[in-house]
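Both of the next two complexes hold subunit A, though its partner changes from subunit B to subunit C.
Now for the complex of A and B:
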């Protein structure tokens, strides 16, 4: 039985209580190495990502996202714990795993500027044993798909940042991986380039069942838009994971609504606060637009709240439910107490 | 062997072996490609890697002429041509993985299913092909200027010595590449300091025999020392000045080639292992 058949039906990615501690070097001499301080980048991370999932890993700089990706891409060993890619232990089955995976990092400057885009992609295809004929066919398809068809024969150094990152995405996909690691792939890209990258990642996954993506990003809307599930990592620990809607619901203790009213009346707020099921009410008068935000014990009390407004003489123009954003979930779980400190840290 | 004698496991092992070789060969060609095409796309090499070395060759050639030893200009021309390989090995092999790390290529190379040794072999092959062309140009120009005549003693031996020198030299470059990666700042500084003294004792512009047995012996660790001496014996037999007999030089070059190739393989495995344990190759602050 070959290594690739060891665990049929295994999750695409699985980590069990993974820890990673770095010992930084304070100095080196040919006579020996001085001991430096220890940094715990991952502290008991357990995750399971099924095949076909687009999974988001969210966290601040230094939270441990990149370290986890490096462990899963066989570039780093975990200090303790277990990590599997397609059922294969990252410490034991390095080559079989490498045949199945690819990675794109944000701001990547890989390759050689002197080569054309086509040559660059061909070169990386060779490292995965793709025949030249198959590589060129795939390169044509990929470049067309990401809107770089006209740049195939352009030198890499002449590409804009957005074009370069689209080329990097093609570089990762030219070997037809099963699992794709995207480490902040849209960082520094303009709106259009980001959109193209996101759209293509989604369509790439849909082309073939079982393709899996692990995405790290600082952009919450990106995670919200793309990911089936997300995990939030902080100080090397997973503090929450699940579907984005579930995480949002978990954050929301009360059903929150916003009314826009035709006119201002001070009595609304007081009357609402007395109304059954209303936890809080806040009236706002901004640039002539009167609105009321209320929090209810549960959404069933919305009818009685509207009746209260009507009986107080108010006329409701619009009504919308206020959903918490992923960013709010993130901030609630991660907080910002040491944000300034974290902002100065290197990504680990 | 009868096909019936081969067990299914042997079939699998055989096909895996062939697959590994195919992957390795493609990796080698893929990595060699940018080096070879860059020679055609960056014409400034004509100035830096041909015009400047030719000027140096001319300078040393005229020194010999003014000293009444014009027959030694052939030594200088050959030394100047071979110096191109030494420079290529130092700056484009030994230092290359360090630069690849800075650009992010190294991570992608390590992540590929092919062995890093094939990547290094591709770098070496591409560098050798591109440098061979430059070296030939230097040889032709120098030979024309000084009217050098060559008396080839044995073409097969000359080619054998050249090939062994290249294998050993680029093997050394591959081994240094890992060391540079591991101790980049320290080794970089050392290279800056020792580059010229090493070039001196290697005897690019004079017979290494002139340095005496001890220094010549120590300098023989650099494959170009014996390679140049052997090639000079094959091209200028009338001048003598050999350091060691060609047979011994070939044997030592074989040993050096083996030593450096094994050393390169071992040091690559070691650095990859250390990289995984310590995170040295994947973290910018390490």
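Now for the complex of A and C:
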């Protein structure tokens, strides 16, 4: 697809081979890359995010997450490639795109400090053409929902970081956007504030079908908890994308289980290792709690493994399957690519 | 086909944006202190600037004050309040929104032309400058006896030249705001430097006839020169050396130069905005 177009059923977000190169007069480092006169922040990013998805873009600092969001929110032009928001080319349909989107960035103290929370939100509602009456109603709803009802008439400069970030979320939502860009929205927030932001994003998505969120984060648990699909970006390139469960399954070569046993017996480990379908077994005795972690060729061998333990005189108290975490997926993909890169650089 | 609520509200959003920008400027200007201190702030700068000129003139003239020259100085200084307050604050609006409030990117990605927001922000400053202009003239009449007669003022000419003058001030301001989007070092001082240069060449405090030849030529293509001159003619009733003798031809020059400068300024702004977006400078915080 090359033409700029607006068509029914267009993905909420689509990028095709997007590159972004920053040019600088003096050398600096960007995301770990040594820069001379130019730094490649995005290097051929292709993504498709359907309407109604909560999509996570994961990556370390400087991986290119924010650059992609800037391009999609019309703050920055791509050096090459194509980027579409709701089927609209970001280079050509700037104002129509802006009517559909909103953005919240984390880790900053943004806000007109002299205004009250309500005034600031009202002003942004005006920018989006919302009538005053509708805006005030919406503001009340949003502030209550994020626990800022009592702060409505407080000056922005007097808000804590967490409150300010929640206000910024309200600022983005007061215009009822179709597509919401959240750029590390919980960075620097305490547990409670982060929880409120995450909970509200989830409920906002559920309120109306078709709402779309692109969330960038380097908190893997956050992406795991919120996102339908994720992409992992490293050095400006997408190294993996898909549903979180699929990515985890892709990482897991063997089915892994953990038993907790009533008592310690040295024979368990050896017996298990020789049992059919067991790839590895490791016994741990920690603070009087005996546990065995096993890896099986596939999960069907769990029954025979349990029989082996029973016949060796063991009594299983608990059994749980060990699932790989998104963090493990991330570390495997990003860690390896970094090692490869480092090795490559060493070779050069 | 029925217009959806979203379509309807978006069709009016630039008016809403303009109104909200006016309101924001008024809040940020006036909400930081009590009304009395705010009034003193509005009036203090132009009045003190005018008085400095008057004292300097008195020293240079050895106390032999010519009220016509005094009138020339006072009206020039009073009019200059518009330049400082309206034009000079455009780049500062960009810089403070970007660096101090970290809000520029959010305002920028709202569905309006950013230039609309900037013009809205300028409107309350015109009002503030108008108050300063009026009070400075009143002080000039009451305390310095400058020859202004309230029934002799050409109010029609004053109104017309002021309105055209505001357009040129906004034009200049928009161009400087564009420069602030792409400049890093020295952006805060830019308006002071440019305003200072214009102060010298536009006949604000002395006639352009004393300028070197090339500066005089520059003065004659700047709309502010004609604006200040026509304001003096409307208020004082006499013309300045080196300017066209008829008010109609002077007004014609003001209109022509305003159209020229404002067009160039808007083009310059959009070029700067394009570069700022191209280079990723719209949301950077330079710390300068």
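Convention: the second predicted complex is superposed on the first by the 319 of 348 C-alpha atoms of A that agree within 3 Å, B and C clash if a C-alpha of one lies under 4 Å from a C-alpha of the other, contacts with A are read in each partner's own complex, and residues count from 1 in each chain.
In this section, a residue touches a chain if its C-beta (ideal position, glycine included) is under 8 Å from a C-beta of that chain, and two chains touch if they have at least 3 such contacts.
Values in this document were obtained by computation on a predicted structure and should not be read as measured data.
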Both complexes share subunit A, so when I overlay them there, do subunit B and subunit C fit or clash? clash
Contact-wise, after the overlay, does A:203 reach subunit B, subunit C, both or neither (first, second, both, neither)? neither
If we overlay the two complexes on their shared chain A, which of subunit B and subunit C does A:77 touch? Say first, second, both or neither. both
I'd like to know which partner A:307 touches here: subunit B for first, subunit C for second, both or neither. neither
Would you check which partner chain A:114 touches, where first means subunit B only, second means subunit C only, and both and neither mean what they say? both
So which positions on subunit A get touched by both subunit B and subunit C? 22-23, 67, 70, 73-77, 95, 98-99, 101, 103, 105, 108-112, 114-115, 119, 122-124, 126-130, 171
Touching residues (chain side subunit B, partner subunit A) in the complex: 12, 19, 22-23, 26-27, 29-31, 33-34, 37-38, 41-42, 103-105, 107-114, 119, 183, 186, 275-279, 281-286
Show which residues of subunit A lie in contact with subunit B when the two form their complex. 2, 22-25, 28, 30, 67, 70, 73-77, 95, 98-99, 101-103, 105, 108-112, 114-115, 119, 122-130, 171, 346, 348
For subunit A, which residues are in contact with subunit C within the complex? 22-23, 67, 70, 73-77, 95-96, 98-99, 101, 103, 105, 108-115, 119, 122-124, 126-131, 171, 176
Considering the complex alone, what residue numbers of subunit C touch subunit A? 6, 9-13, 16-17, 19-20, 23-24, 27-28, 31-32, 101-103, 105-113, 117, 277-280, 282-283
